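Structure incoming, see below.
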Amino acid sequence: MDTHETAVRGYTQDKASYARRLKRIEGQVRGIQRMVDEDAYCIDVLTQISAIQSALKSVSLGLVEEHLGHCVRHAVEQAHDTGDTSEMDAKLAEANAAIARLVKS
Amino acid sequence: MDTHETAVRGYTQDKASYARRLKRIEGQVRGIQRMVDEDAYCIDVLTQISAIQSALKSVSLGLVEEHLGHCVRHAVEQAHDTGDTSEMDAKLAEANAAIARLVKS
Amino acid sequence: MDTHETAVRGYTQDKASYARRLKRIEGQVRGIQRMVDEDAYCIDVLTQISAIQSALKSVSLGLVEEHLGHCVRHAVEQAHDTGDTSEMDAKLAEANAAIARLVKS
Amino acid sequence: MDTHETAVRGYTQDKASYARRLKRIEGQVRGIQRMVDEDAYCIDVLTQISAIQSALKSVSLGLVEEHLGHCVRHAVEQAHDTGDTSEMDAKLAEANAAIARLVKS
């Protein structure tokens, strides 16, 4: 985990798009709260939750893609230049763990 | 889909608990928006999304459970009493479709 | 778990179809072994595994559907007739646990 | 897809381990065929299928890991050396598509 404020991330150039998609997902979660509050039919609630799951999955896959194409790529290049693979190994292990969590969540 | 206002649903008796869990999930989605806004590390964002996916999955499984134990159960009883299975068949088809969406979402 | 030999199961009438689908899946798994043995490209192996996962998921959803429409249905009817819900409660709990495993596997 | 016979793959050094795991999975699929043939209880069949799904998921995640750590890594290094990113871009796109299929299958 590194969190210094001015970091540029894999997703930075698509930040506005991610922000918009997450805003929409937040609205969908609020929609489900309203449905439950109004005793909506269970199946209709389930359908909405499945839609949110798909939207989140799509956001996650986008983040993985950017992570591989930026963070992992740069770590590989650096290891190639310096001969020190420790940072690359760490980044790859982290990416693999994130993919595994995504596949299992 | 049936949406008359005073319906009692499978989840009605646990309504407060579902409302609370969804409120928490909404907060988690907002947390992710903040993370993206502050250029948090991709992997940390992914970890949070996986946590939301697990929480949503758990809500969905709870709703399926209540649906089977109430709506489907009552439709089976009614079909058994009246000999008319059309409503039960529809409820079962609907439940199966929801389970399939859940498995695939 | 009950395993007396002459049991009639939810899937009994579609037994031949399930046998055929599982036979095909077995062949697909053998195909992957061959691919690995011949050093096939990782991505091609992954594509084949995804195909098997989808086929297994589809078999599972079919079994859940038959289970709800037969075993669970009969347990509900019996509980309705006798007023004793213990068998029905057990069958529902079992079905819910199987659905949860399926969603998470 | 590239399939020349003497290829060295990301998984080549663990080939024996993959072969063993796939052999075991094949045996599990045959076990399910036997269960269906003997009219085993639906829920018991479902439990076995979930076990196979988990085993296949684990094989897939292993292959992704090796693919990123070998094929993708080498493509990145080559692009870094030559300035030509076309092969790397193709490898990354392929990896992302495989991860997406895995997440959705």
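Just so it is clear, A, B, C and D label the chains in written order, and each chain counts residues from 1 on its own.
To be clear about the criterion, a residue touches a chain if its C-beta (ideal position, glycine included) is under 8 Å from a C-beta of that chain, and two chains touch if they have at least 3 such contacts.
All figures in this text were calculated on a predicted structure; none of them were measured in a lab.
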{"item": "Count of contact steps on the shortest path from chain A to chain C", "value": "2"}
{"item": "Averaged-CA centre spacing for the pair chain D and chain A, given as whole angstrom", "value": "22"}
{"item": "Chain B-chain D separation of Cα centroids, rounded to whole Å", "value": "31"}
{"item": "Contacts with 2+ other chains: residues of chain C", "value": "57, 60, 64, 95, 102, 104"}
{"item": "Graph class of chain-chain contacts, one of line, ring, star, complete, other", "value": "ring"}
{"item": "Partner chain D, residues of chain C touching it in the complex", "value": "1-3, 5-12, 15, 18-19, 22-23, 25-26, 29-30, 32-33, 36-47, 49-54, 56-57, 59-60, 63-64, 66-67, 71, 94-95, 98, 101-102, 105"}
{"item": "List of chain C residues in touch with chain B within their complex", "value": "57, 60-61, 64-65, 68-69, 72-73, 76-77, 80-81, 88, 92, 95-96, 99-100, 102-104"}
